[in-house]
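Lettered A, B, C, D and E in written order, each chain numbered from 1.
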Amino acid sequence: MRERIALMIKADMGLFHSKKSLAATVSFLVCLMFVPVYGSSYVLDVVNRIGIAVIAALGLNILTGFTGLISLGNAAFMAIGAYSASWLAMRTGINFIFCIPVAGIITAALGMVVGIPSLRLRGLYLAMATLAAHFIVEFLAVHWESVTGGVAGLTISSPTVAGFALDSDRTVYYLIIPTAILSVLFVSNIFRTRVGRAFIAIRDQEMSAAVMGIDVFKYKLISFALSSFFAGVAGALMACQTRIITPENFPISIAIDSLAMIIIGGLCSVIGTIFGAVFLTALPEFLRLATTALAGSFPELIGKLASLKELVFGLLVILFLIFEPHGISAIWQRTKNRF
Amino acid sequence: AADTVKVGGLFDLTGATAEVGKPFLEGVRDAVTWMNNNGGVNGKKIELISVDYGYKTPEAVAAYKKFVEQDKVVMIEGWGSGDTEALKDQVTKDRIPYFSAGFTAHMNNPAKTPYNFFLGASYSDQVRAFLQFVKKDFKEKGKKPKVCFIYPNNGFGKSPIEAGKLYAKEIGIDVVDDQITPPTGFQDATTQLLNMQKQGADYAFIQNTVKWSAIILKDAKKLGLKTKFFLNNYGMTEQLPELAKEAAEGVYGMATTVPYGTNVPGMKKITDMHAKNHPKDSHNLFYVRGWTYALTWGEGLRIADKNKQLNGEGVKKALESMNNFDLGGLVQPVTYSGADHRSSTKSVVYVIKGGKLVKVEDIDVPRKKEWLGL
Amino acid sequence: MALSLNTQLSCHDIRLTFGGVTALDGVSFEVMDGEIFAIIGPNGAGKSSMLNCISGLYRPQQGEIKFDGLTIRDLPPHQRAKRGIARSFQNIALFRELSVIDNIMTGRHLSQRAGVISGGLFWGWAKCDEEHHRAVVEEIIESLGLQDIRRCAVGSLPYGRQKRVELARALAMEPRLLLLDEPMAGMNAAERDDMVGFILEANCRRKITVVMIEHDMGMVMDISDTVCVLDFGKRIALGSPEQIMNDPHVIKAYLGEDDGFF
Amino acid sequence: MDFTFLMQLLINGLVVGSIYALVATGFVIIFKSSSALNLAQGEFLMVGAYICLYLVLQHKVPFIAAFVITMLFSALLGIVIERTTLRPLLGSPVISVIMATLGLASVLRALLQIFFGVDTIPFPEIFPPEPVHIGPVPVSIGYLYSLCCVAVLLTALTAFFKYTKSGLAMRATASSRQTALSMGISVKKVFAMSWCIAAMVSAIGGILLGAIRGGVDMSLANMGLKVLPVVILGGMDSIAGAVLGGLIIGLLENLCGGYLDPLVGGGVKEVVPYIALVLILMVRPSGLLGSRRIERM
Amino acid sequence: MLKVENIQVVYGDSMLVLKGPSLEVPEEGIVALLGANGAGKSTLIKAISGLLASEQGKIISGTVLFRGDNITGMAADDVVRRGIFHVIEGRRVFQELTVEENLAAGGYTRKDRAGFRSDLEFIYDFFPRLAERRRQSAGYLSGGEQQMLAIGRGLMARPQLLLLDEPSLGLAPLLVQEIFSLIRRINTERKTAILLVEQNAAIALSIADHAYVLENGAIAMSGKPEELNASGEVREFYLGISEHGERRGYKAMKEEMRSAFPAHRA
C-alpha cells in the first residue's frame, strides 16, 4: 500500500509522463545542438529570435497565465533588461555574459516595484498600471540620455566567452538557446512546487489562498519579480543579438505579441508558451517569404499582398481562438494522447 | 543567372511610413523596369527583390540576412532609420552598399559608415539652409530673429537639431524653443504652439512628415500665429495643401527631389512610365524620389560592371567615383567620394501658393569638412 | 467528557458594519480548546461575517479577537493561518483549475519550505520535501474517501464532493481551529452521516477545535458542545444544545414552533 | 497674458478631452455587456471615417446622407463581427476574447488598406475652417460638435443602461452569461446589440476625428490605445466615467504640456495620463466611477 | 406536460453522466427528484432548460418534450420563453446588479407591467429581508439572502413549469418551511407545475405528488411519495431514518469518538 502510494507520487511528480516523451525530448534537444552547423544565418536569426521570445513569453506566462495578473509591461521589462545589461557592460567593463543575470536581477527588482499596485488593483485595471509602466520606461529610455543614450540608443560590442567572440548568429545561438532551455526547465519545476501552486491558488481564489496561509501580496510580488527576471534576461539577450538598442526596439507591440504568444500557445502551459513563441515569430516570417515569392510573379500586387499578410495573420489568430480556445498546447495534448 | 544583377529592396508598405513607402517603391520599381528596357546594366537585367518589412526592425534584419545569403544580392535599397541603424555594422562587414531614404547626416561619413548612402541634402543641411534663409528674410532692424524647432522625439526628429543649434549660434540667430511632439498619433498640437507663441518665435522649422506637419499647421492657423513655418523634405509635398488646406498657404519647405510633373528634362520618362503603369494612382515627389534613387545606383551598377567588379565593394567604389552625375534636374547632381557621402548640400526652397508648390530659390550650404556626419 | 477548560478563541464585543448595514452588533463569545462550537441563526444574521472576522477576511470596526490569549484582530488572514486557523467557505472557494490533489497540497503551503530558487532547481531536499508532503496529503485523501477523484479538476465535481475537498484542504493545514461554514449544505442523509464522521474525527482524533455554522438542527444539537445564536447581528442566546432548544427567543426567531423536520 | 494662457490650456483640454470621451464610450459599451476590452476600437473609428469619406468623395453623397449611411453600415458591421468572431467565442475566457479583438484589428486594418490604400486621404471640410472664440480662446468647430455628441450620448446611454430592459439585459449578461441565459435573456442578441451600438458610436468618433485632423489614414487607429487610460480612469463600466475620464485626461495633458513640457524638454504629455492613472487607481481601484469589484465570501 | 425520454448526456465529449433516465411532470403537478451527490440531478434539469450547452455538455440521445413539442437541445433563452424557468443551484445571483434589478431580470420575458409590479410586491412581502436590501448589490447579500433572491427571480418569471435546484440550500429551518409552503401555494394558486431537486428529502416528499430517485445517472426508483417513504433504501439514504423507524442521531457517534480519543490537550 505505502509503496503503491509512493510510486504514484513519483509518477505524478515527474516532468515526463512516459519514457517515450523523455526520449523524444532528449532527441529534440540533441537536434537543436546541430542547428548552427546546418542552418543559414537567416534561419539562425529566426531561431534566435524564437529563443528570446520563448524566454520573454515564459516570464509573462508566470505572471498572466499562472498568477492571473494580466500584464502589458513585458516590453518595458525587456527594455530594462537590455539597457541595464548594456549599461553595465559598457560602464564597468564586465563581460557581457555576466551582465545578463545581473540585468535579470535588476529587472526583477524593478518588476516588483511595478507589482506594487497589485496590492489593490485587479484584472484590467492592473493591466493598465503595467501599461503605465511601459510608457514610463519608454519616457525614461528617451530622456535619461546619460544612461540610455536617448533616441540614438546604445551600441554594444559583442561579448566574448573564453576567447570566442559571440559576434554572429551562429555563436549567439549557443548563448540564447541553452538559456531558453534552462528557463523552460526552471519554470516547469517551479510549477511542481509550492510556489507555483501558490501562484495558481491566487489566480483562482485570492481570498481562499490567503486563508490557506499564502501571503498573497508577497507572492504577487514574487510572481512579478520572477516574470520580469525572465523578461529582463530576454531583453539582455536581445541586446546581445542585435547589438544596438534604442527605445524603438521595445514598442508596446512586443508586449502585445508576448500576450498573444501565451494565449495562442495556451495560458499556463509551459510547452504551450514554446509553441506560441514559435508560431508568432515564424508566422510573419513565413507570410513575408510567401508574399515576397508571390510578388516576384505579380509585382503589381506587392502593395495588396503586403496587406494580405496582415489579413492572414489576423484571421489565423481569430480562427485559432475560435477553434482551439485553450491554445496550441491543447492540440498538442490531444495528438500526444493519440499515440 | 549570370545575366541578371540582384538588388534587395526593403520597403514599408504596411507599417508606420507606408504612405510614403508605397510611392517610393513604385518609383524604384518603375525605374528598374525602365532601365531594363533601356539596356539594363550593360545588357544585364536588374532583378529587384522587394520585401515589405512593415517598418519593423527585426523583420528587416531577417530579410537582410536572406538577401545576402540566399539571394546573393550586390546591394540593398533600404528604407528607414531603424533598419539602417540596426544594419550599419553588418553591411560594413558584408560589404553591401545600403541606400536609405532617411536623410540623417550621421550616415554620410564614410569613416564610420562606409557602405551607407542616401541621395540629397541631409536633414542637417536642410536646417542650415533654413537658417540661411531666415538670416536673409528677417528684416526688423536691431533684433535677432527667433526660431523654434518642432520635432518628434525619435531619431528622425532629433537628427538635425544639434547641427541646427550650432549653426544658428554661429550666424547669430536665437533658438528660443524646442517643441517636441509625439512620434505618431496625435491630433492636437495646441500646447506646443502656445508655448512657442509665449517665446515669440518668428520662424519655426517642423522636422516631421506631412500628415503630422499638417496637423501642426492647422492648429497654428486656428491660434492665429504669426510665425513663419518651414518644413523638411518629408513635410513639403504635394499632399500638404490637400491636408492642411488654407493653413498650408504661405508655408515654406525644403525639397530634395522635384515635385511630380515639374518641367525638367528628366521628368518625361517618369510621367510616361506613370501613365503606362499607374494611370489611376495620383503620384507625388516620393515616386520621383524612388526614381532618382534607382537611377543613381543603377548608374553605380553600370560603372561597377564596366570595371568588372559587379560586387558590393565594386559598387561602392563605382558610386564613389560619381562626380556631378546629372539626373536631368530631378535631384541635385550627385557627387560621392571615398571620404564624403554627401551627394549634395543644396536644398531647394518651395512655398505653397494657391495650393501648389512653387519654387522660391536654391540654397547651397558650404560643404564643410567638420559638418561631415553632423 | 474530557474537555479542557482553556479558552482557545475569544471574541469580545465585535461590531461590524457595511455602510448602513450592521452585520454584527456587539457579539461576544468564547470557544474552549477542543470543543465543537456551533453558530446558528436566521439568514443574514451575521454568521458568515463572524467567521470572516475570525479568519481575517473582514476587519471589525470594534471589538477584540484573541486566539490562544493573543490578539489577532489586526493580523492579515495568512498570518492567522500560520497560527493555526483553517476554514471552509459557504459558497465553495476551491481553486477551480487545480486538481483535487493540488488543492489539498496548497493546504501544506505553510509546512513546506521550498522557495523560488530551490523550487526551480527541484534538486535534493526540495524534491524530498515535496515527496514527503505529498504522502501526507495522500493520507488525508484516503481518510476522506477522495481516492477516485484525486486527479480530477475540482471545478467540474458535484457540489457535495467539492465541500468534501474543501474540508480536506483545511485539514491538510493541520490547524488547531477549524471554521466550517455550512459544511453539510446540499447533502443527502447518507452523505451527512459521512460528513459528521469526518468532523468528529477531526475534533476527537486530530484534536481540532471546531467552530461551525449549520442549519441542520438535528446535527447541530447532537454534536456541538456549545451553541451560539445570532439574529440581526446580535447574540440572542448562548449555551448548551439543550438550553438553546428550549429558549423561547430562539424558537421564535429561528427554529419555529413546528420541529417536524429534524 | 498668463491668465489667457491658462484659459487656453483649460478650454483646449476640455474640447480635446471630449474626443477621448467619445472614443472611450465605445469601449465602455462593449465592456458593459461582455466584460471584454475591445482592442479593435481604433480600427472601428477608422472604418467609420473611411466609409463616410468614401461616400462623400467617390459618390458625391451629401455629408448628412453619408453620415446616416455610415451609421447604418457600422451597425451592420457590428453585427457581422459579433456573428463571425465573438459568438463562436462565447464560452471562452475573457482574455481570449480580448486577443480575438486584436486579431480583428489586424483584419480590419488589412481590409481598409486593401480597399483604400495607405495614403492619407484628405477629409472634405464639413465644418467651417474658421474657429469660434470662447472668450479669448479659439476652438475648432469640430471639437464643439464632439462636445455636443458626448453630452447627448452620455444622457442617452446612461438612461438606456439604467432604465431599459435591454440595458438591464446587457448588464446581466456581463455579470454572468449562464445565469442571464436562464433568465431568458438572449445572450446573442445582447452581444449583437452592444457591438452594433459600439460600432456606431465609434463611427461618430471617427468621422469627427477625421474632420478635425483634416485627413484619414491608418494612424487614426492609434486613438484606440491612446484612450485606454481614459476608460480605466473613469471606470470601465461607467459611461459617465468615460466622459469624466476623457475630460480629466484632456485637461491634464494640456496643463502638463503647457507648464511641464518646457521644463523637461517635452514628452511629458504622453506619460502624464498614465502616471495620474496609477495614482488615482491606488486610491480608487475601480476608477473614478466604476463599480467596485465584489469580493465576498 | 414535460416528458423526458431516455436522455443521455455527456460532458466534454467523453464523460457519460446521464445514462438514459426518463421522467414526467404532469400539468400542475409537483415532482421531486432525489439522488446522491453527483448522481446527475442538476445535469438532468440543465438538459431540460438548455443550460448544458454553456458547460460543454451535450445531449447525445433521447428527447425532451414540453406540451408535445420537442425542445431537445433548444437554446436556453427560447426554453424560458416557452414557459420553463430554471432556478440554478448555488445562488447564482447577478452580483453587480442590485436586488431589485435581479428581480427585474427574472421578469425579463414578461410583457405585463402591472403584474410585474404586483409580483415584485408579493416577493418583497414574502422575503422582507430582500425588501430591506432592494437597492444593494446582490453580491453583498448573505448566502441565504442570495438563495431567496434566486427563488424570487423564479417567481418573477411566472413560468408554467418551474425547475428548482436545491431551493432550500443554506436556508434557515424556519424559512425552509415557509419556502415549501410557498411552493405549494404557487402550485395551487398559479397552477405552476414544479420539478424539484432537493436534498431535504423529507420535506420534498411531503409536498410532491410524485418522486424519482436518480442514482448514477439512471432512475433507480420512482413512485408516489408514500411508496418511497416506505422504501428501506430511501429511508436510510435520503431520510436518515434508521431501521428502527426513528431519526438517526449523532449523539452516540460523538460519545463513541470522544471516548475513543479521550486525551485532550491540557
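We adopt the following convention: contacts are C-beta pairs under 8 Å (C-beta built on N, C-alpha and C of every residue); 3 or more make two chains touch, one makes a residue touch a chain.
Computed from a predicted structure; not experimentally measured.
Least step count on the touch graph, chain B to chain D: 1. Looking at which of D-E and A-D shares more C-beta pairs in contact, the answer is the pair A-D. Seen from the C-alpha centroid of chain C, the farthest chain centroid is that of B. Distance between chain A and chain D, defined via averaged C-alpha coordinates, is recorded as 32 Å.
One finds 41 Å separating the Cα centroids of chain A and chain C. Put simply, the C-alpha centre of chain C and that of chain E have 26 angstrom between them.
Note on chain placement: the centre of chain A and the centre of chain B lie 37 Å apart, centres being C-alpha means.
Counting partner chains per residue, chain C has residues 48, 57, 89-91, 93 touching two or more of them.
The multi-chain contact residues of chain E, meaning those touching 2 or more other chains, are 140.
Across the assembly, chain D contributes residues 91, 110, 113, 117-118, 225, 265, 267, 270, 297 that each touch 2 or more other chains.
The touching residues of chain D, when paired with chain A in their complex, are 37, 85, 88-89, 91-93, 95-96, 99-100, 102-111, 113-114, 117-118, 225, 228-229, 232, 236, 264-265, 267-268, 270-271, 274-275, 277-278, 281-282, 285-287, 293, 295, 297. Considering their complex, residues 5, 8-9, 12, 16, 19, 110, 113, 117-120, 122, 125, 129, 131, 138-140, 209, 212-215, 217-219, 222-223, 225-226, 253-254, 257-258, 261-262, 265-267, 269-270 of chain D touch chain B. Across the complex, chain E is touched by residues 1-4, 6, 18, 21, 33-34, 40-49, 90-91, 156-161, 182, 185-193, 196-197, 200-201, 203-205, 207, 215, 217-219, 222-223, 253-256, 258, 261-262 of chain C. On chain B, the positions that touch chain A within their shared complex are 13-14, 22, 25, 29, 49-54, 57-59, 61-63, 65-66, 69-70, 82, 85-86, 89, 153-155, 157-158, 277. Touching chain D in their complex are the following residues of chain E: 49-51, 54-56, 75-77, 79-81, 85-86, 88, 92-97, 101, 104-106, 108-109, 137, 139-140, 153, 157.
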